[in-house]
Amino acid sequence: MKLFLLWAAVHASQYVLFLYFLAINSVYTALILLALRDIVRHAYLTTSRVARRQLASEFYFKPVSVIVPAHNEAAVIIQSVQALLNLHYPEFEVIVVNDGSTDDTLERLRREFGLLPSVKPVRLQVPHEAIRGVYRSEAYRHLIVVDKVNGGKADAINAGVNVSSYPLFCSIDADSLLEPDALLKSSKLFLEDDELIATGGIIRILNGCKVQDGAVTEIGLPRGFLEAMQVLEYTRAFLSGRTGWNALKSLLIISGAFGVFRKDMVVAVNGYRKTVGEDMDLVMRLHRHCRDRAIPYKILFVPDPVCWTQAPFKLGMLLKQRNRWHRGMIDALLTNRAMILNRKYGATSLIGVSYFVFVELLGPLIELLGYLSVPVLYFTGLLSGRFFVMLLLLAVFWGISINIGAVFLDIYNFRRYKKTSDILRLCVLSAAEFFGYRQLMLLERLRATVTFRKKDWGIQDRQILEDKGTAT
Amino acid sequence: MAKILIIDDDETIHLICRAYLTKAGHTIEEAYDGPDGLLKAEAFQPDLLLLDINMPRMSGFDVAKKLKENPATKGIPIFMMTSLKQESNIQRGYGLGIEEYITKPANVEHLKLRIEKFLQSRK
Amino acid sequence: MLDIFTQSPHFYDYVTAAVLLLGVFNVAEVLFLLWNKARVESSELKRQGLKRLASTALITATDPAALLPRPAKEEEFAAYSEAIASVLDSFEGEIAVKAAQLISDLGIDDHYRRLARHRVWYKRGNAIDILSSFKLKSNREFFLAVFRSETSLDVRYRIIYGLSRLAREHADIRALARMLSGLPYLTAKYTEDIFYNIITALKATGSEAEFGIFMREIMNDKTVLNLVKRDCITACYAAACEKGRGLLKEYYAAFPDEPEILIAAVKALARMGDFSVTPAAIRHPDWRVRLAALKYAHLCCMDMLPEIRALLRDPSYHVRLNAALALAKGGEKGLAALRQEAAGPDAFAASTAAYALSQEAA
């Protein structure tokens, strides 16, 4: 009896594996084709003249509050805030939320910017831990610092939302570097479309680029293998992944590193939830809120505005980050499980959420099954070596073509990496991903699934950005 | 006769202004964006600055503000070129200490004459 | 189960073929990538060169068309159009006339008119955009004809945009408004842009009054959306349409229950220095209208001080805040009132007043 079950399981797993492999690669290919169509159209319709005419409406803008949650960011906070204060935007405020840091983040801010207590009444619209004090900088009237009891990133942003005065807010990480016109490009979309409630821009990896005066002056692929691999991953995820999701109205994540939201909608869903995957959770709840009430809305990813972020350069840090992301995703899916396979939520649920559940969540398990079943099948003689090799090659080659497709999309549209050597290296990495890197990430995600109950952020070592040097 | 710096992101404008103004005997320096313009203004110390408002990365107003804040470039007179005749624009401009507003589309001949009249009045 | 597959005789052939195909495809992808990069870079250089050539020809030659190579490829047309549009946007006079002449001499408008009938919608849209940038009166009839036969919504919006830059009299505006109302309302920004273009085009020919006639016509027209009327008003403000002052007051009076229109009218009039409607707006039942009016209260309505002070207890947070700010900017009397409130019993009014005082002191 047991033998029969084992036999059945082995055979069933072959089916499942094969179907899963077909499905995931087809999904990615479809996403890339959708993104390609979008990008070709985009290239035609945004000639430089038209773009300039639109930018000429700089006098029509909505003021934005830039909210920067900071916990123990003493190393980078001053530089970060300086760069933000120099953003090219007509009217904005920078709200740094000191989330109960145990280092001297607040002291450094106080010294550098001359903070004075502010008496503006704070309207408590969304929940968060107690605020200890609100300060305004003497030198920079549009810099506000909020000091509060520790509560996590989501909590900190909520506090920022309460203190903010403007109808739009942009949440960014303390170590992110916004391009000078990123805010202009994101916020003008809200002007042009009244239904838009949230947008995310593209996140690019700062490692390997030259930074001067808070702006990226030269773009290059980082030398480290791990960092360069992440560049490839981000390119694939953002350019093909998210652009494709736009078309399917299924954008579920706006990265916590850079997102612009309409404050009133975020307040309507009671702000961010205190959880690990707060970015995905918020977007899912926004989807639900609007669909439940039949409010016409749009949540879009736009590849134009760019935010640079530091990628972890040590394996340990990278794994912790991926672990955190995966647990965040599981948490968001669990909380919003009403959206799973629910026809009421349309394409967002049937396509977007299903993708996350079946590909991102269950995918690692199935893939693990695949890796495990190979020796089992081999030793029970059910697997022919030839079949296995063929299937493996098929999978790898298909995966490589998707990666190169993503690189192509990036070069075609944005031409960021100009050196031929960089481009070639990306192509080589497209292949290298399948021999070790992917499997490592897989294991970490499985570990995250199993240890889901643990809830913490983990600490990331920061590299101090040199003023006239590279970020490595 | 005079040194003029043109800050505009459009190459066509540069070509045309440069052609007309060099014919009249002026020396022209060019900058294609805000940051570059600021550097060149300090180094070149022009007698007059032609500044475009609508530039992608740093608007003309930001450039003008930075120019007026920098003691090395504070005294350089600025002619701002804009296609919008909004009152608030003009208020912003004059509040910053901008000498003249040139609305596009502008007549190049008249522009040249206005520049020369202004430079004469300065002497 | 999969054995069914694996036992089929041709299965391995298919799989091997698929693998080989993918392998070759990957290599081809990489080569294509590199080739495309080189192609784009060289085409970019060519485009810059052609633009420079065109601009120089416009400056130096009396007949620039004779000097320039006739465009044949799409990118050559694009380069020329960019240069010409730049010139037309920024300059008038002799050089603009030469540039406009160049459009017909080099067959550029013919090319784009043909492209405006292309199968693919975004190519049509692109052609319309480029034709609009030329602002040629001769394109009016063409745009109207294409609009009638156009199927894509995106392109139709672009055609209306192009037409808005060529408006001459209020009949044109009526026609445009009718075309607009036949389409779903796009965004406030777009509609406002359309009217802004119209006003600017009218100003250029000295017929600004035509817009006033148009606005009077639609004021009581129920078929025109109130949002569109509001966008007309914001366009007036944007285009500094001074002559519309009286009309804006009429609009304020005609739509007492439409906050959008009231707010737009209050703002537009205030920017022109006309504060006749501001007092009424401060007393309006809708909080957004009160808010908009309060932003200008310090410039005109300090004689309403007790009323503004009462607004410190208004149900709306934003109104309270701005009432305090208005008092703070409202001279000695306002500051005195604020100081009283700051020491008063109402906690929220007190903290708001304190905040406004600190803002003013800064």
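By written order: A, B and C. Residues from 1 in each chain.
The working rule: a contact is a pair of C-beta atoms (placed from the backbone, for glycine too) under 8 Å apart; a residue touches a chain by one contact, two chains touch by 3 or more.
Predicted model, so just to flag it, every value in this text is computed and none were measured.
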Legend entry - Chain contact topology (line, ring, star, complete or other): complete
Inset, instruction - Please state whether B-C or A-C has more C-beta contact pairs across its interface. - result: A-C
Legend entry - Distance between the centres, which are taken as Cα means, of subunit B and subunit A, whole angstrom: 41
Legend entry - Inter-centroid spacing, subunit C versus subunit B (mean Cα positions, whole Å): 26
Inset, instruction - Using mean C-alpha positions as chain centres, tell me how far subunit A is from subunit C in Å, no decimals. - result: 30
Legend entry - Residue list for subunit C, restricted to those that touch at least two other chains: 82, 86, 238
Inset, instruction - Would you pick out the residues of subunit B that each touch at least 2 other chains? - result: 10, 83, 86, 88
Legend entry - For the subunit A and subunit B complex, residues of the former touching the latter: 51-52, 55-56, 58-59, 88, 180-181
Legend entry - Parts of subunit B lying in touch with subunit C, wherever the complex brings them together: 10-13, 15-16, 19-20, 81, 83, 85-88, 104-110
Legend entry - In the complex with subunit A, residue positions of subunit B that touch it: 9-10, 53-54, 56-59, 62, 83-84, 86, 88-89
Legend entry - For the subunit C and subunit B complex, residues of the former touching the latter: 48, 51-52, 55-56, 58-60, 82-83, 86-96, 238-240, 271-272
Legend entry - Contact footprint of subunit A on subunit C as seen in their complex: 1-2, 6, 12, 15-16, 18-19, 22-23, 25-26, 29-30, 32-34, 36-37, 40, 78, 82, 85-86, 122-123, 125-126, 129-130, 133, 187-190, 193, 238, 317, 348, 351-352, 354-355, 358, 362
